[in-house]
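Input: structures, listed below.
Each of the two complexes below includes chain A, the first together with chain B, the second together with chain C.
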Partner chain A sequence: MTITKMIAKDEWRYWWRSKLATSVMLVGLILIAGSSILTAKQMTDAAHERAHLQSEAEEAFFSQPNRHPHRMVHYGHYAFRTPPPLGIIDPGIDAYTGDSIFLEGHRQNSAMFADRQASSELAIFGALTPALLLQTLAPLLLVLIGYNVITREREARTFDQLIAQGMTPLKIMIGKGYALVGVAGLMIVPLFVAIIFATLDGEPFVSASLFMVGYALYLLIWCIGIVLASTMMRTPSASLGALLAAWVVVAILIPRISSNAAVSLVDAPGKIETDFAVIEAVSKVGDGHNAADPAFTALRANMLQQYNVDKVEDLPVNFRGVVAGAAEANLTDILNKFAEERMQVEVAQANIARYFGWLSPVLGIREFSMKVAGVDLETHHRFLRETEALRFDFVQSLNRVHAEKLTFADDANRSSNPEAEKRTRVSAENWKVLDEFDFSSLPANNRIENASMSLMKLVFWVVLLLVLCRFVGRRAL
Partner chain B sequence: MSMFSSFTRELRFFLKQPAAIVLVLVAISLSVFSVWSGLSEVERQQETIERLLVADAKDRAAVLAKESDYGGAAYYSFHLTYDPPSRLAFAALGERDTSPWKHRIRMLALEAQIYESDTANAELAQSGQFDFAFVLSILMPVFLIILLHDLRASERAAGRHDLLVATSASDNNLWRSRAFVRVILLSIGVLIPFLFGAMVSGASLLSIVSVLGIAIAQILFWSFLCLWASARSYAGPTIASGLLAVWMLTTFVVPAMSDAFIEAIIPAPEGGDIILTQRESVNDAWDLPKEATMETFVKEHPEWAEYAEINRPFEWKWYYAFQQVGDQSVADMSEKRRAAILKRDKAAQWFAFLSPSSLTERSLTGVAGTDAKAAMHYQQHVRNFHGSLREYYYPLLFKGAAYEAITLANLPRFKALSDRK
Partner chain C sequence: MSNIVVEARNLSVMRGQTPVLSDINFEVRKGEVFALLGGNGAGKSTTLHTFLGLLPPQSGEAILFGKAVHSDVASVRSKVAYLPEAATLYGHLTAIENIEYFLSLAGIKKSSNEIVQALDRVSLQKEAHNQNMERYSKGMRQKTAIALALLRETPVLFLDEPTSGLDPVAIDEFNQLITSLAAAGTTIVMVTHDVYGACQVAHRIALLRRGALVGSFEADEGGKIDTETVHAAFAERAAS
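This part shows the complex of A and B:
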């Protein structure tokens, strides 16, 4: 057995005998394992529930009776965001954004019913997910177990004895580091099991294993940091104090400061506020319900010329349907422009907060975890974009039905003539234009690419601390 | 030795301890930062409301100018509703980052509008806000643990413990005045920025006193816990680890578990179900005979029975009647959901006693009017305002009054619950 392994083994024996270390370890393991089971159950239930609601919504749309196609534009449709497989470990912003969205003509609604709004709001740090435990609490437990790995030897004057026997400080540090890494390894056993479940649920092997590697790297940062602080400080009290201060700053303070900084630096007007600008821009498009709106004069002239007729009544298509389609297209262009702007502002804010990941590995791993799992802000935005595409698609398909299957005369007279009204009702067969919606995560390699910057942040911390260890190890005598 | 001289002696002792001084200075600067960021967030919210009020009035005036009947006026004119931050909100921003505090509503079915949330960036909401409530409920215990856990253990480690005990008149008096100096300096340092912020924002004396009361309770609880622990004859780090474990369990674990437990035992109707049901009802109305809708409507509102006849294929009164019938169809579910949320909140009040941090945070948001209860209160206020719109338009619509633009000058105006509480 090499000397470093002996040191590690000896440390384990010490922890095994110490009531404090074993109970801290036990509490940690129970918490992480318990929350893994609970979160997994919660998220799979949510996934099933939402998939069920999705097919129910589609069913409801298809089973609508024969009616005027524009009625279906207003009847609308629902889309639900199902969580990805790794969501059982890190649900990300799932509880903070609504998970369903109502899609209808002429409007882009925002997602509704964030869980957090109906919760009892006791949990200041949010639900106890495996991600939160591993990112925030596991480091604290590692600190409580390992703060005195070297200061203890110093206090008992055994450190000098080891040196006298020909050990170098660096070797002692490596041995103690091994011991701590062993503890960290135990802590991610539940994570490993959860990841296997996620893989069975369809998570590709690459992203699943990278997810594991990310968490391993993150806990490694703490192990190295703890050994380093324990070497640099002279007494157990000092090493505990320094490590606790570091934990409070990195895990509690910087995350909040980062979000405050983001909000202060990038102003994000709310939806109500941007809606005023939207209303102003939209008012120029013309009302698609009113074919006589002056906004469509040019369209009318073009159509008349194209089909070489004098009156809209003589067009081979229903001009009212054409207007509805044209107005929806123009309107959607404007709405998309504003929606994109808003999303860009949100991403700009998030990116500012993410810069703080260079200062705090807790933010680094959080970003990494959300990006690999596919539960970050950008995923929510992708959900909004995909549902918008779905919305535009079915609305325009219905407008096409409106233009092609109805006559202008019937359509114009339907409020006054019951017979005409009957003829404007098209068969429910036409509702099949709605596409099925299934929100799935990005391919693994895209998610990995998105997470590369955050992985760099973690690697940066490992390298920085290793260099410091080398430096300190040479002088710590 | 008198109290005063032992106090000054311990103060001199404290001033020679760089680590303790640094900690108190750090606590002060964090408190300053939290108050500053709370004040600027509240100012941002205030400015937003002011901008919205101007834009809202302008937009409504422009829309109404184009209308030629009351039905159209009601359909196209939106009304801003909002809940201004209280004067104490800077200290506890509470749920204002996840619960909506502003809406623009119109006279259509309310259930389709009230759940829209115009809240901030979700990824930032996840990190939470850095306000004074956070300093007091989460960080204060950590400061106290660091300052107080090794009162005796450090002296023991330095070999002075027995000497100190032997030479002081009363054993307890010595540790008490030493702890007293530390706690007082830390508390003053953390509370003065708050008092300054409260003065800037003009908070009422009563609310300030309440916050101070909550702060003192929190500080006393953790001080006594630390003092009790520090009197055990363990090494300093062991005592600190134990105290931190208590802090961690009561701050992270117990609240999250209580939260999950409360949600499990008090089910609330899914918001999505409410919207779906309401939507179906409103859409079905187009296919139903108009009498059926009017009948359901009149059942709840008999005062309009004699005006409920619909003769043309489209009449505004029928349109708004089926909007209201849509609301009626989910009134029960919606009521249950609100009741469940309030019930959860009540249960949380009891569970909070298991976690001093949650209790502090909840008490502060309660005083500041930024808690779940305040959010529900605001929602009810919006419902009432929406009701007053109906009260205003229904006589005009049902009695078929001739359109006169001047009448709309008397449109109900939204008045916030209080300008600034």
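This part shows the complex of A and C:
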């Protein structure tokens, strides 16, 4: 056995015989394992439930009776996002943004049913996800276990005894580091098991492995940092104080500062301000329910000219349906413009916050974890865009049915003439215009590419701390 | 061939901005017991720490086996066993576990039997061998540390207040042990403020005061140093 391994083994023996260290380790393991099991169950249930709800929503839409196509536009449809396999470890921003969208004509609804909004108070325990525990609690437990790995030796003067046996400070630091890495290894055992489940659930091996590597690197950063602080400080209380302060700074303060900096540097208009701007812009495109709206005068003239007729009643298509389609297209352009602007602002803010990952490995691992798991802001935006494409597609398909399968006369008189009303009811077969919705994660390679910068941040921290260790190790006598 | 094993040559050491040793010189030959006597803060432990490579010299050299300690700390340490002032062993381990662990770090393998024999040699009670050291008295810890130093079988022993915490019987046993080790060729450098103890075992004594050597005494033909003389000199020159 090498000397560093002997030192590590003795440290483990010390922890094993010290009730405090063993208790802290046990609490950490139970919490992380418990949270992994609970979150995995929660996310698996959610995945099944959402898949079930998606097919139920589609079935409900398809089983609507014969009716006027525009009523189906307002009947609407739900789109659900099933969590990705690694979501059992890191649900990412799903818990805040929601995973379901109600799609209907003339509107772009926000995602809803976010856990944070929809759950009872008890759901706070559900929010203790394995990712959160590994990102914030595991380092704290490592600090509590390892803050005195070197300072304890100094205080008991066994450090000198070790040196007198021919050890160098660097060798002692490496041995203590090994011991702490062993504890960190225990802490990621539940993660490893969860990753196996995620792989069985379809997560590619390469991304699952990288996910594991990311967390291993992150905990390695803390292990090295703890040994470093314990070497640099003279007493256990000083090393504990320094490490707790470091934890507060990187796990609480810098993330808060990053959000505040992002909001300060990239100005985002408020919701009320945006809503008024949308209403103002939308009011200019005309009401799609009213074919006589002056906003469609040019469209009317164009169509009359195109088909060489004098009245809209003589057009081979239902002008009311054409107006509905044109209005929806104009409206969607405006809504998309505002949505894209909002998403760009969100991405710009997120990017500023991500720069702080160079200052805090907690932010680094958070970004890495969400990107590899496919639960980051960009994925949420993709979900919004894909659902919007689905919404626009099915609304316009119904508008085409409205234009092509109904006559203008029947459509215009359906409120006053029951027979005309009957003729405006089209066959339920037409509801099959709705595409099946199946939102899936980006391919593993893309996710890994997206996460490469955050991985660099973690590697940067490892290298920086190792260099510091080497420097401090030479001067630690 | 010179038989000088330990040598301080114009050795000066600073702790921060404070000079702790100032231009001291001494030599210790093979099989000799050399005692550095001095009051608190005289620089006794600093001298040992410098020879262990724990402190760098400001000027001059700390030499072991003809080699400057700081030129090859690892090689020098492998030839030295060190008994610190407060026996610095692990409270969570038993005496046997402590000895096994520290020996294994030094790359030395000893059987349990040999370890027990060494503990017997320093008169540590049998029933204490397998108790965690956190329950040990200061004297018991000291005995364990001495056993560890003996088991390393190094040619040089550095002892920092070695009889501190030992009862009178144990002190006598320890003195006999030191004498027999020196007779077997082990070079021993001990620092102490116990004038009587030093005179019992040392071949030469140097007085240290505020980092400077202020006197030295050699054993007579009978191998003894007169305690009264040293005590008087210590009271006059070294006590501070």
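We take it that the second predicted complex is superposed on the first by the 465 of 477 C-alpha atoms of A that agree within 3 Å, B and C clash if a C-alpha of one lies under 4 Å from a C-alpha of the other, contacts with A are read in each partner's own complex, and residues count from 1 in each chain.
Criterion: a contact is a pair of C-beta atoms (placed from the backbone, for glycine too) under 8 Å apart; a residue touches a chain by one contact, two chains touch by 3 or more.
From a predicted model like this one, the values you see are computed outputs, not experimental measurements.
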Superposed partners chain B and chain C on chain A - clash or fit: fit
Contacts of A:140 with chain B and chain C, given as first, second, both or neither: first
Dominant contact partner of chain A by residue count, chain C or chain B: B
Partner chain(s) touched by A:44 [first = chain B, second = chain C, both, neither]: neither
Chain B versus chain C as contact partner of A:199, first or second or both or neither: neither
Partner chain in contact with A:290 - chain B first, chain C second, else both or neither: neither
Chain B versus chain C as contact partner of A:168, first or second or both or neither: second
Chain B versus chain C as contact partner of A:17, first or second or both or neither: second
Which of chain B and chain C A:7 touches, first, second, both or neither: second
C-alpha centroid angle, chain C to chain B via chain A, nearest 10°: 90
Touching partner for A:271 - first (chain B), second (chain C), both, neither: first
Smallest separation in angstrom, by C-alpha atoms, between chain B and chain C in the superposition: 13
Contact residues common to both interfaces of chain A (with chain B and with chain C): none
Residues on chain B engaged by chain A in the complex (per definition of touch): 19, 30, 33, 37, 40-41, 44, 48, 51-52, 55-56, 59, 80, 95, 98-99, 102-104, 115-130, 134, 137-139, 142, 146, 150, 153-154, 157, 235-238, 240-242, 244-245, 248-249, 251-253, 255-260, 262-263, 268, 270-272, 275-276, 279-280, 283, 286-287, 312-314, 337, 340-341, 344-345, 347-348, 351-352, 355, 357-358, 361-362, 371-372, 375
Chain C residues touching chain A - in the complex, by the definition given at the top: 49, 52-55, 73-74, 77-78, 80-82, 84, 86, 88-93, 101-102, 104-107, 132
List of chain A residues in touch with chain C within their complex: 1, 3, 6-7, 10, 13-14, 17-18, 156-158, 160-168, 477
Residues of chain A touching chain B in the complex: 20, 24, 27, 31, 38, 53, 57, 60, 65, 67, 71, 74-76, 78, 92-93, 96-98, 100, 102, 109-110, 112-114, 116-128, 132, 136-137, 140, 144, 147-148, 235-237, 240-241, 244-245, 248, 252-253, 255-260, 262-264, 268-273, 275-276, 279, 346, 349-350, 353, 370, 376-377, 380, 414-416, 418, 421
